[in-house]
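Pasting the structures here.
Two complexes follow with chain A in common, the first pairing it with chain B and the second with chain C.
Here is the complex of A and B:
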C-alpha cells in the first residue's frame, strides 16, 4: 500500500522553495537598482562641486574687481586657471579619505558675427567616455582676449565656459 | 489506510505566514531604493545653478550700466539654446525682467537689481 503520510511535507517544501526563489529574485533586483542610485548621487555631487568651483572663480574678490575667470580668459592664463580650478575641486577638510583625481576639458563657446564658435581652453586628458558631467558658466569679458580673435570687443562681451568633468 | 497525522499544522501555517511577510519586506526595500534614485535625478534636473548664473551675468551688465549692449541678448539667447537647451530672455528697464525656461522648469522674475 502506498504510504501518503508525507504529502503535506512535500507541498510545504515546494511552497517554501518557491518563496525563497521569489525573495532571492527581489533582493537581487533591489541590489541592481541600488548601483544605479549610487551613480546618480556621485553625478549629483560632482556636478555641484564643479558648479561651485566655477561660481567661486567667477566671483570678484571685491566690488569693481574683475573675476578670476575673466582675467584668465582675457589674459590666456591657462595654467593659473588649471591650478585654481583643481585647488577648489580638491579642497578637503584634512580628515577623511582623498577623493581621487579629477580630469576635465574646458571649452569656450562664443558667438562671432556669423556663427557659434568654440575654443579649447584646457584639456587635461582625452575623454574616453568615462562617466562625466558638464558644468557651465557665463563669463563677462570687458577687455579683448587673444583666444577669441574673431570676436568684436568694442563693447563688453559674454562667452560660455563649458567644463566636462570626470573622475579618473 | 493510515490516518493522516496533522499534528504539524501550526508549524506549516507559521512557515507560510513568515515567508509571505518576507516577500512584503523585500518589496518595501525595493521601493525605498527607487525613492533615492528619483530624488537624486530630480535634483540633477533642477537648473538651480543655471538660473543663479544667468542672474549673476545679467547683474554684471546692470552694474556696468550696459544692459542695452547690442551683443548681450543675442549671445545669451543663442548660446543658451545651443549649449544648454534652455530659452532665456531679459527686458531692461526700471525693473529688469528675467525669463528662463528649459522645458522642465520655468522661472520668471522682475527685479530692481541688486543681488
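Here is the complex of A and C:
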C-alpha cells in the first residue's frame, strides 16, 4: 500500500494553485517595468517639435513673400535664424510647466559642380554624446547666398538644412 | 509496504489524489503563464498610452481638416448637424498640415459645459471633444491650449486644468493660423459723371481658388464683407435709392435666371445689407433705402454654399439704384479690392492628456 507520506491532496492542490496565481499577480502588479519605448516617445516629441519649427519657418506669411528660412540662408542671417528657431522651440501657451533648454547645430548640405558639400550654419554648443534627434528640411533659394559661393545655381537651387537637436 | 527481499507489486504507482492535484496545478500554471504577458503590457502602456493619445490628438488637430472638412459652418443648435461633425481637425486643408483656419480655431475653443451647449450652439465640454477628437473608450481628461506668438493675446484653452501630481501625456506643435482677408472697398461716382445704375460685384470663385488655400480669399467658406462708399446726391439734390439687390450665377442666360433676392433667408447664414452704417436694407419698403454715405454688404460664411453655388461658379451680386452710380460694369471681388490680404500668424498648440 502507498501511505500518506509526501502526498498532495486535491484541496491542497487547489490551495497551492490559488497561492501561485495570487503571488504572481501581486508581484507583477507592484513592479514597474521601465521600457525602451519611454525614450522613443521623448525622441518623437523633440523630433516633431523640430520638424514643426523648420516647417513653419519655411512657410511665408503672405502669398508673395519669401519664407523666413530662405531669407536667413540667402542673407547669412545666423542670429535671426537662431532667435526664431529658439523662440519656436521654447514657445509656451502658458497652461503648463515650462520645458526647455534646447541645444542644436544646423548644417547646410548643397551640391556644387562636382560634389555634395556642407556648411555649418549654426553651432550653439559642441555635440558630445547626448541623446539627440536630427530634423531636415529642403529649402528653396531664389537668390544666391554668400554662404555657399560654389553652389551650382544652374543645376539645383534647393539645399538641405539639417538640424541636430538635443536637450541640455 | 516495503518488505526486504520481497517483490513489491505496488512500487511506482501514483495515487489518484496526487494526479488530480498535479493537474490542477499545471492548469493554474498555464493560466498564469498566459496571463502574465497581458499583465505586463497593461503595466507598460500606462504613460506611453497618454503620450500616444496626446500625439494622436495633435495630429488630428494640426494635420487634418476634420470631417466634414468645412465643419466650422455647421449650426450646432441642430442635433443633426452636430452629429454630422465626425472629427474636429483645425487644418485648412489636408495638403497644408500645420496651417489652421481662423474660423475653425474660434469655433473649436468656443466651448461650454454640457448643460447649455445645444441651445447655445457650442461644443459640449467634454463630451463632444472626447467623441470627436480624443477618441477611445477610456474617458481621458485633456487640456488643449493655443497661443498666438505674433500678436500678443491671451491663450485659448479648452479642457480641465493640468494636474500637478498625475502623470500625463504631452505634445507641443508649432502652427500658423490664417487670418482671413478683411473688408473689400469700392467707390461709386456721382450721377453726373456716371452711366450705370447697377453696381455689380463679381465673385470669380474659380479664379480665387487658383491661389493655394493658406493665402486664398474664400467667399464660399468665409465671411464676405463689402463696403461701397463715396455716395453723393445728383444735380437735383436727390440721394441714390437702392431699388433691388439680386445674387445671380454668371452668365445669367445659361442657368435660366438663377437669381435670388437679398432677403431670401431669415436665419443664419444670410445676407445683411446695412445702409449708412445704421439701418438695414428693406426690400419691402423702397422709400427707406436712401443712401447718403455708404452701403455695407455682409454675407455670412456658408451663404453661397447654402444657395447651392460651388467652387466652379462665378457669382454676381447686383445692386440696382434709381440713379447712375458707376461707370464700371463689374467690381471684381479679388485681392486688389481687399483692404488687407489673408496672412499667416505663428502660434503654439499644446496638448495634455491624462
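A few comments on the model shown:
Here is the rule we go by: the second predicted complex is superposed on the first by the 130 of 168 C-alpha atoms of A that agree within 3 Å, B and C clash if a C-alpha of one lies under 4 Å from a C-alpha of the other, contacts with A are read in each partner's own complex, and residues count from 1 in each chain.
Note that contacts are C-beta pairs under 8 Å (C-beta built on N, C-alpha and C of every residue); 3 or more make two chains touch, one makes a residue touch a chain.
If you're wondering where the values come from, they're calculated on a predicted model, not measured in any experiment.
When the two complexes are overlaid on their common chain A, residue A:152 makes contact with chain B while staying clear of chain C. Once the two complexes are overlaid on the shared chain, A:91 sits against chain C while remaining clear of chain B. Using the contact criterion defined above for the overlaid structures, shared-chain residue A:12 touches chain B and also reaches chain C.
Applying the stated contact rule after C-alpha superposition, one finds that A:138 touches chain B and leaves chain C untouched. When both complexes are overlaid on chain A, the residue A:162 reaches chain B alone and has no touch with chain C. In the superposed pair of complexes, A:120 makes contact with neither chain B nor chain C.
On chain A, the surface touched by chain B in one complex and the surface touched by chain C in the other have residues 1, 3, 7-8, 12, 16, 20, 29, 33, 37, 41, 44, 48, 55 in common.
For chain B in complex with chain A, the residues that touch the partner chain are 1-2, 4-6, 8, 12, 15-16, 19-20, 22-23, 26-27, 29-30, 33-34, 36-37, 40-41, 43-44, 49-50, 52-54, 56-57, 60-61, 64, 66, 69-72, 74-76, 78-79, 82-84. Within the complex formed with chain B, the residues of chain A that make contact are 1, 3-5, 7-8, 12, 15-16, 19-20, 22-23, 26-27, 29-30, 33-34, 36-37, 40-41, 43-44, 47-48, 51, 55, 58, 109-111, 116, 135-138, 140, 142, 152, 155-160, 162.
Residues 1, 10, 13, 15, 17-18, 20-25, 27-29, 31-32, 35-36, 39-40, 43-44, 47-48, 51-52, 55, 58, 97-99, 143, 145-147, 149, 155, 157, 161-162, 170-176, 211-212, 214-215, 341-346, 348-350, 352 of chain C are the ones touching chain A in the complex.
Against chain C, the residues of chain A that register as touching in their complex are 1-3, 7-10, 12-14, 16-18, 20-21, 24-25, 28-29, 31-33, 35, 37-38, 41, 44-45, 48-49, 52-53, 55-56, 59-63, 87-88, 91-96, 99.
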